[in-house]
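Below: one structure in structure tokens.
Each chain gets a letter, A, B and C, in the order it is written, and its residues are counted from 1.
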Amino acid sequence: MMRTDTGYTLGAIVERFGGELIGDADIVVNQVAPLSSALSGHISFLTNPKYRRQLQDCKASAVILSVAEHDATDMPRILSDNPYAYFAKVSGLLNPKRAEAPGIHSTAVIDQTASIPASVTIGAFAFVGASVKVGEHAVIGSGCHLGEGVEVGDDSLFYPQVVVYQGCVIGKRAILHSGVVIGADGFGIAMENGCWIKVPQIGRVVIGDDVEIGANTTVDRGALDDTIIEDGVKLDNQIQVAHNVRIGAHTAMAGCVGIAGSAKIGKHCTVGGGAVILGHLEIVDRVNISAGTLVTKSITKVGTYTSVMPFSMHQDWLKNAAHLRHLDKMAEKLSELEKKISELERKNLE
Amino acid sequence: MMRTDTGYTLGAIVERFGGELIGDADIVVNQVAPLSSALSGHISFLTNPKYRRQLQDCKASAVILSVAEHDATDMPRILSDNPYAYFAKVSGLLNPKRAEAPGIHSTAVIDQTASIPASVTIGAFAFVGASVKVGEHAVIGSGCHLGEGVEVGDDSLFYPQVVVYQGCVIGKRAILHSGVVIGADGFGIAMENGCWIKVPQIGRVVIGDDVEIGANTTVDRGALDDTIIEDGVKLDNQIQVAHNVRIGAHTAMAGCVGIAGSAKIGKHCTVGGGAVILGHLEIVDRVNISAGTLVTKSITKVGTYTSVMPFSMHQDWLKNAAHLRHLDKMAEKLSELEKKISELERKNLE
Amino acid sequence: MMRTDTGYTLGAIVERFGGELIGDADIVVNQVAPLSSALSGHISFLTNPKYRRQLQDCKASAVILSVAEHDATDMPRILSDNPYAYFAKVSGLLNPKRAEAPGIHSTAVIDQTASIPASVTIGAFAFVGASVKVGEHAVIGSGCHLGEGVEVGDDSLFYPQVVVYQGCVIGKRAILHSGVVIGADGFGIAMENGCWIKVPQIGRVVIGDDVEIGANTTVDRGALDDTIIEDGVKLDNQIQVAHNVRIGAHTAMAGCVGIAGSAKIGKHCTVGGGAVILGHLEIVDRVNISAGTLVTKSITKVGTYTSVMPFSMHQDWLKNAAHLRHLDKMAEKLSELEKKISELERKNLE
């Protein structure tokens, strides 16, 4: 963990982010740290009561707690209704985005029709195509490729080796990690006489503001209309978003999720790692999909959805798995037995 | 959706692709569009009867229909036995591959022993190794890396940042999207005394003609013999093809599929998104694997195969999942009950 | 398969790697090959008895066998307790890592504060940031990006277009394939009022010695503490390792595995392709996870674990899948029947 250069007093932090301070407002903290490894100068946090015991030996200079935990320690502390969000904000204050010196690296290739404000940073070996528009204070990392007509919003940060195909639009304050590919062709193919004919993909990808996209995630351009990612969406690594998908605002997806073509995901949803969502279906707002779940139909009702085969020791699994192929027969047998028993009961009553 | 520069008359389209034209042959169309958003100058299409109603308000200048739908509208229309393939061809006509000016970007690094015809386009920061052979009219995007001895067929298109390791061979008219890695080492390791020893991967990847490979897909080189992708195969994004796999001609795979080592997939197969195919097995021609399915054994018979746990509300899933671990006991109980009932029935007959 | 320049006598091989030679020690072999396609000059191997018949027509100059198979052929042969590991070593001898001429390509951009010994090779368009330390004889491929303060151990090999974010540490003899991204931000977000706040990821990735990482695999940096990959770990392609994961020494994972945040995987484990391991759990040493398995809880006992829904013809699956949603009712019915039968039996005894 890197040490930050500057610290903030607890007083300054509470002034900025609210919360109730119990303790000396002049104490200075310069980094966040977990309870178990924090040292003097660190501010730590407790969000899960099961770690409460770690407060005892905690060497941090201060700690962020929920209001309910206000007397869990004598340490200098900040009480918050939402200590994890509070911690996130304090960490953001202590660990600001790296300031990059504005300017275009001498090795970058920039089309003369591109619009690049003086506040922008462009790294080595970056390629910026014709008619590209980059917003103020944006950072385009080394080796990035922005195709013709791409638009990038203010304050966006592209790590090295992001590729954005022609015509795609990315909002403000985006964070795109290395290996992200935006706007590759959707998987559009038509069958004729046993061969596949390519369907040109003439839509774009349009991404709202405050979107973060993890390393090696891919978002395909639309077949005819656009693929849309709304404001505040957070995508982890290795996710595949197919053509004409729409992801609603403030939805978050963990790693390795796959979303098939034209699926519409609501706002404020969460999708667990490795889940697969089939195409041409709709999921309403505020739905949670569990990790590893395959969604095969539209979801019209708020809630958490799961399709997971529980894991077990292989030898136990073997015993059970055999029956999975024969549930239909088990159900039939059960029905037969029911009939036979009714018959026996009837006879017994006679 | 971008507007194309040039239009074609319906007469010219029918002359080129066949089909029956009902309406004015001189009508000009310059772009494809969905029924719901098409405007004048667009040609639309109906392939799914459930959208038939959209014909009523459709503003397109013409529409492609199946022969069966010939009187579903009064609009100028082209009737085809396969309207989706027809649409694909019309879209391909109206949206041709971008013409790139031939030439090698001044920043590209090209080994002097590489063979690069004058019709080839090579982008900025591309690296072309010793003895590479690039076919006529091929386009190698910015930042691509072609290792020593790589061969690329005529008219192939590599988007930015494709990597092809040494010795691999790619056929004609290939389309490789950004982030594709061809020919990395297969996962060959041998265990000795608790440590893994690397098995050198000395095969190649050999890819036929008319193959498209989606963004961030990886195809590993063979351990001893080659990994083979036959003609006309279409791979979506984020797919992993392990060493010594063979994928038969005209097979298509959706995103996030994983294929383990030495699996042999037949021709004209389809594999749904997120499916996993284990190693050292064979799948015959014309097999369809459903999305999310894990194929653990060879498939010797044409058909569709599925292994999906249906998803449900989490609380319903919880109730059912508990029994998944105890199917064996359920089956046992069922057998016991059957015996007891037979016994009871026998006694009742006595 | 490429032919190597130099050969070794069987005598020299046995002298180097042990094993018992039966046959002429002066026979020279210059490449490894499978039994079925080996030619004169090749050395082949038999590790699976089911291929024993192929020995009959094998044209190799020699073969590696287990001690048990010592008389399975009359060919010149080397007997080993572990013929696959022996083969791996012979192949490594005959197919050494490509010798790269040391030196920095003229197009590479190297910060003047980076430490690059003269024995290092750095390819075209590579970017090496401030304070980077590269070990002796390391090879950094074309287009790689090493962020500020990255450390790379001796004899490591980075294929083209690997990205390592600032501050990450990679041990000796690492092999990182193209598209690997080390040290991107972990997926840390906190919810406040319906919006996600980014949690800065201030840990690093620390990778031990002798680690190989496959193409397009991603390993995220820690949120506060580091993400750790211990010595001898082998990761295949398209794997996602989330923040604060620890992977124990000599553990191997096949392609497309996803590991969620803070999971601790033991030493000497194996994880099959497409498996998903949820976060904040622990798996002890020497555990095997089957392909496609979702691990939802800690594993405290050595063994093999599986959670796979068996695949079947789609129509059979349909019949069975219907019951998967109603196992709870099946179990209830079964209990009811048990009661009724007990009742009937009691009455019959009366």
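In this text, contacts are C-beta pairs under 8 Å (C-beta built on N, C-alpha and C of every residue); 3 or more make two chains touch, one makes a residue touch a chain.
To keep track of the chains, here are their UniProt names: A, B, C = UDP-3-O-acylglucosamine N-acyltransferase.
Values in this document were obtained by computation on a predicted structure and should not be read as measured data.
K.L.:
How many degrees of rotation bring the Cα atoms of chain A onto the matching Cα atoms of chain C, given to the nearest 5?
P.N.:
120
K.L.:
Quick check on chain B against chain C: do more than half of the interface residue numbers occur in both copies, making it same, or fewer, making it different?
P.N.:
different
K.L.:
Nearest whole angstrom, what separates the Cα centre of chain B from the Cα centre of chain C?
P.N.:
Computed value for the inter-centroid distance: 25 Å.
K.L.:
Touching at least two other chains at once: which residues of chain C meet that condition?
P.N.:
As it turns out, chain C has residues touching two or more other chains at 107, 125, 143, 161, 179, 216, 238, 256, 308-310, 312, 324, 327, 330, 334, 337, 341, 344, 348.
K.L.:
Going by the contact rule at the top, pick out the chain C residues touching chain A in the complex.
P.N.:
Residues of chain C touching chain A: 107, 109, 125, 127, 143, 145, 147, 161, 163, 165, 167, 179, 181, 184-185, 187-192, 194-200, 202-204, 216, 218, 220, 222, 224-226, 238, 240, 242, 256, 258, 260, 276, 278, 290, 293-296, 301, 303-310, 312, 316, 319-320, 322-324, 327, 330, 333-334, 337, 340-341, 344, 347-348.
K.L.:
Residue numbers of chain A touching chain C in their complex, please.
P.N.:
1-2, 31-34, 37, 82, 84-85, 87-89, 91-92, 94-95, 105, 107, 123-125, 141-143, 159-161, 175, 177-179, 210, 212, 214-216, 232, 234, 236-238, 250, 252, 254-256, 268, 273-274, 291-292, 308-314, 317-318, 321, 324-328, 330-331, 334, 337-338, 341, 344-345, 348
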